[in-house]
């Protein structure tokens, strides 16, 4: 199963993806029904980065970055490389040489279920990585994985060409077939959240904004004036 | 035990609390005899925030933020909401809509033994959260916890109305009955630390400042001039 | 085995060490054959710090910082204190009083396989610490460890006088006898990386820069034009 | 706050406690409304043990078992010692000498949010411990904690004299004032579970036994005959 | 995306699956090219169990076992239920009532990326579960997931009807389309391993059995007679 | 640094080692001043095994068991192989083929800071392994580590020929030069513990057996008759 490379994948036009990046991970995730969120142990190597792009998928052997080298020349403007080791590993698969080469090709960033190094240089060149660890331990070049086959990264299935959204809140996979749906749903959600924000700003609370109050009382929500009232109530 | 809400709690005047915030977590914790420190996995979502306030306590079901909505309208200027799930969960219970609403009410921040999202917006609005994870995964609104009953959060018992101090060093609970004692002990400790700081600045070391030298030598502290002396000593 | 203090250790001249700090952890680690890298759970308490220095080694009992006090007066300009507990502990052994005292003596920083506190003050005074946790929990002064005996910290053996390099990528130990070798190998590596960087900048990829292409094809690397071609291939 | 020892606590008669042990952790926990369950990282050092008893509470300094020695002579037949370190520690506070001494006094077992050692001997003498780790690292005898003050262990508040139930499913605290309520509720739950078990045995399923079927369909539960039907449905 | 239930899935005949169970997780995993192994944090609740069956897939909301109840009546002889929460959770979703009901239907076991309870009863009735935790914390019945849609469990994609193999070494997913290939490859591997076992038994070592010796020496494998020879060699 | 193999190491006679195995990890560790204990995450793959032997040290690349193959033919009766990966890895480096081959050579067991597989077979053949994980994920044979050079495993430095003691309490390294000292100190400790055991059996407690009582009272140990007395005391 290793050593397979699919050269060309179906990508989405970057202007179709852009609204997902503007909406951000939390909003798109909600809008699409809470699917596709990678595990919280993937963290950005520096705060403030926010990207969206087309997934190029790469599996790597533990401690071996061969397949990332194979993937580089297949990348295009607007891609995001998603890298998953075939067994858990936190070695530093990715550093500033890769970052520079990918930056030059217009790659937006890297999602890496392993370790990243040269984090200061990567920050200086503005090339963001979401990784499981920061670890300088280098890798060898002996064993191949695959490029552009489906994989599982940080708990989520990723198909080549899926949209990847990543920011300070984490990393989200949007299936390629649902990108427009995600964009529209995110727009609707943002509009709704704006309306709610105004209501909250005017002093309303979620119990009323979301119509929860009656339902909770029906379920048994009970108010006591103070701790004394609650204590006395219990004794009855 | 769920669905109980105590509306009013005994709070401390904010100017009585202020000195605890100025002293900071590490100093107050020492001053009060090293009690009340929450576990180190609670981390601020951005560095530099520092708060003190009166605890409003909220328990939540796993993956369900109903009770936070219930708590909002009970909060006042100077409160800090302490949120503990009834079983371990890292879902993103808290985001910028909550942050905006609570900011408007003068709430100082949130202590959350679970996940937080919208961390960039929260940072921009200056609403600090100390959480166990950053995770965009949303929550449902089906199951109630309690508001303003005692709870355990990150290893510490919190009573409604206890003082919460939080900064880059972590989160501390000060029992309401001991706030003035904490303030005075922290002031005394700061004064003592300042004196020590001067002695350190003049070149003294802790062995003398804290009177440890003789005691350690009595316990067997032994100096060797260099590795050779130590090696020879062993052979004897 | 506790209470042993070796006063004088063999140090390296600071100008011999400086190039290691400029090269940085990732580069020196690679240059020296990938040895000496401490575990990735050691993280800087603030980003951007970068140090190199001579190791002063300190073991501490769990929850007890006695031995750090013993070590302070033995430190010199350019030292880095490496602190390892004798059993796993995340207590806050180190705070700003220590930081101020060591800063005044020209100590470059601290490597601490435990907890650090007063992190905002330490950042303000520019005294960097790489630690396993941030935790305000204080320590007692009852039980002695040793100073300037060999120890294991975060998975690496450290001898007193070894060079410690630390930056955003982690913490590296360079055996004292190999400092010049490390310096030369790092310089050679930087030169080689610069050449590679130029080739990458001109559009070449690692497959060619590192001469991997033929070897991988010999090992079975197989390209398919697209997912369809791969799917059809499988059916044959 | 350290060095305080309360000699006598209010205990419950052992025959009042016995039914809680027979019902077991999972059943009593459910029966009492899902409160009091300690964190899942507390595991029995050998499978099959099952105990109930009156809590004697002990706090210990990190790496220091002084307070356990203080507690031994205060223990009685039917006690369970609950030991929590004042900061996280996995040292081996408890071994077979303690086990033998406590076994002789009729102590039922130990709940230890730290490390245990001599596990084979403890198993042979039939003295169960629920601990966070197995670790041979010994402790010193320098620093005191408290005996029979309230504490938090593995996320739960424990008052001296509370009932502790522990078996292969974990460790549960039952407040002393609620022991009879717990016993009755557990008995009722066992009876109900027996009835349900018979219904399950006759082939019924939870959807009907718990009356969930209509409610779920009202909430949108939708059945498709097979994957094809679901796929076609989506396209409509 | 929640509340979808696919009633009928394509299953494999149990006698086609049986050889996978006999071969075991480690052998089948190797034989099939090292794909499909779930994360090592899934552990059997008791040692010695070994199963193979057809996957019925179930997603559950955090702290909510509704969907397991939905799945029960769809299960058949030889099934294995694979349960994944939609966000990380270690609550006790599964206990002996479920175990009894499923045992009666001929279900072989459960793979649960969450918590299990009643582990002693489950062991007594011989119903094995591979879970992430043992935790008595119960669940509610409010929120639906899906049954028999593809999911990711412990890092692996599972399609309904895939074969699940589980034993003391962990849990493996074999895609339904590759079951016969897996069976044949496992048989071939067992035969080869038997031949190797005989060679090992006769005193040969892997360097020769696997033909590694020359290749390693070509790569630079270097023997020294003893530590002295190595030390001298280095000095040259 | 890789590919170096030292063929012959200095071993200790097995009858000199035997008493260390009989004394066990916890006792020898105490007797020798609490040095050499490996981290608690190394656990036996089955309970009850207890070994002692001469360390053969092996470093392995992540996901690559080449060097274990190299080591096999260098092993002798009474050896214990200590295996450490050069970066953290939990792959299944070791299984029953290795176990059978080593068992035949009289190797006592394996200490493995990584994953083990075929655990049922290994248990059946009585070949014990202490490992960090159980994981069926296989390894490749491309990259060499070293045999019989010093290494760090689970936090402890191991020199080839050191004594390794392992049982249910964990894994201990005894420096070869201190084996007789360890044996004698362990014997003395066992004798002392036996005397203490008798005193405990006669009803004495540690406070008296270890002469702690007066010292603790001098340090401020304070007894209160009951919770009421303590509460009243505080109010004074």
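First chain written, first letter: the chains are A, B, C, D, E and F, and each begins at residue 1.
Methods note: contacts are C-beta pairs under 8 Å (C-beta built on N, C-alpha and C of every residue); 3 or more make two chains touch, one makes a residue touch a chain.
These numbers were taken from a predicted model, which means no experiment stands behind them.
Q: Same residues or different residues: which describes how chain D and chain E meet, taking over half shared numbers as same?
A: different
Q: Based on CA centres, what chain would you say lies at the far end from chain E?
A: Looking at centroid distances, B is the chain farthest away.
Q: Look at all chain centres (mean of CA atoms) and spot the one farthest from the centre of chain D.
A: Farthest from chain D by mean C-alpha position: C.
Q: If you tally contacting C-beta pairs, which comes out ahead, A-B or B-E? Let me know.
A: When the contacts at B-E and A-B are counted, A-B has more.
Q: Calculate how many whole Å lie between the centre of chain B and the centre of chain C, each centre taken as the average of the chain's C-alpha atoms.
A: The separation of the two C-alpha centroids amounts to 29 Å.
Q: Between chain C and chain E, what is the gap in Å from one C-alpha centre to the other?
A: Whole-Å distance between the two chain centres: 38.
Q: Two or more other chains touching the same residue: where does that happen in chain B?
A: Residues 2, 34, 37, 40, 86-88, 90, 135, 137 of chain B touch two or more partner chains.
Q: In graph terms, nodes being chains and edges touches, is this line, ring, star, complete or other?
A: The chain contacts form none of line, ring, star or complete graph.
Q: Dump the list of chain pairs that touch, please.
A: After working through each pair, the chains in contact turn out to be A-B, A-C, A-E, A-F, B-C, B-D, B-E, C-D, C-F, D-E, D-F, E-F.
Q: Going by the contact rule at the top, pick out the chain D residues touching chain B in the complex.
A: Counting only chain D, the residues touching chain B are 1-2, 33-35, 37, 39-40, 86-88, 150, 152, 155-157.
Q: With touch defined as at the start, can you tell me which chain B residues reach chain E in the complex?
A: 61-64, 86-91, 135, 137, 140, 142-143
Q: Show me the residue ranges of chain A that touch chain B in the complex, using the header's touch definition.
A: Residues 24-26, 29-30, 34, 37, 40, 43, 47-48, 50, 167-170, 172, 193, 196-197, 200-201, 203, 205-207, 210, 212, 216, 219-227, 229-230 of chain A touch chain B in their complex.
Q: Tell me, which parts of chain F touch chain E in their complex?
A: On the chain F side, the touching residues are 2-9, 46, 66, 68-70, 72-73, 90, 92, 95, 97-98, 100-101, 104, 115, 117-120, 133-138, 141, 144, 148-149, 160.
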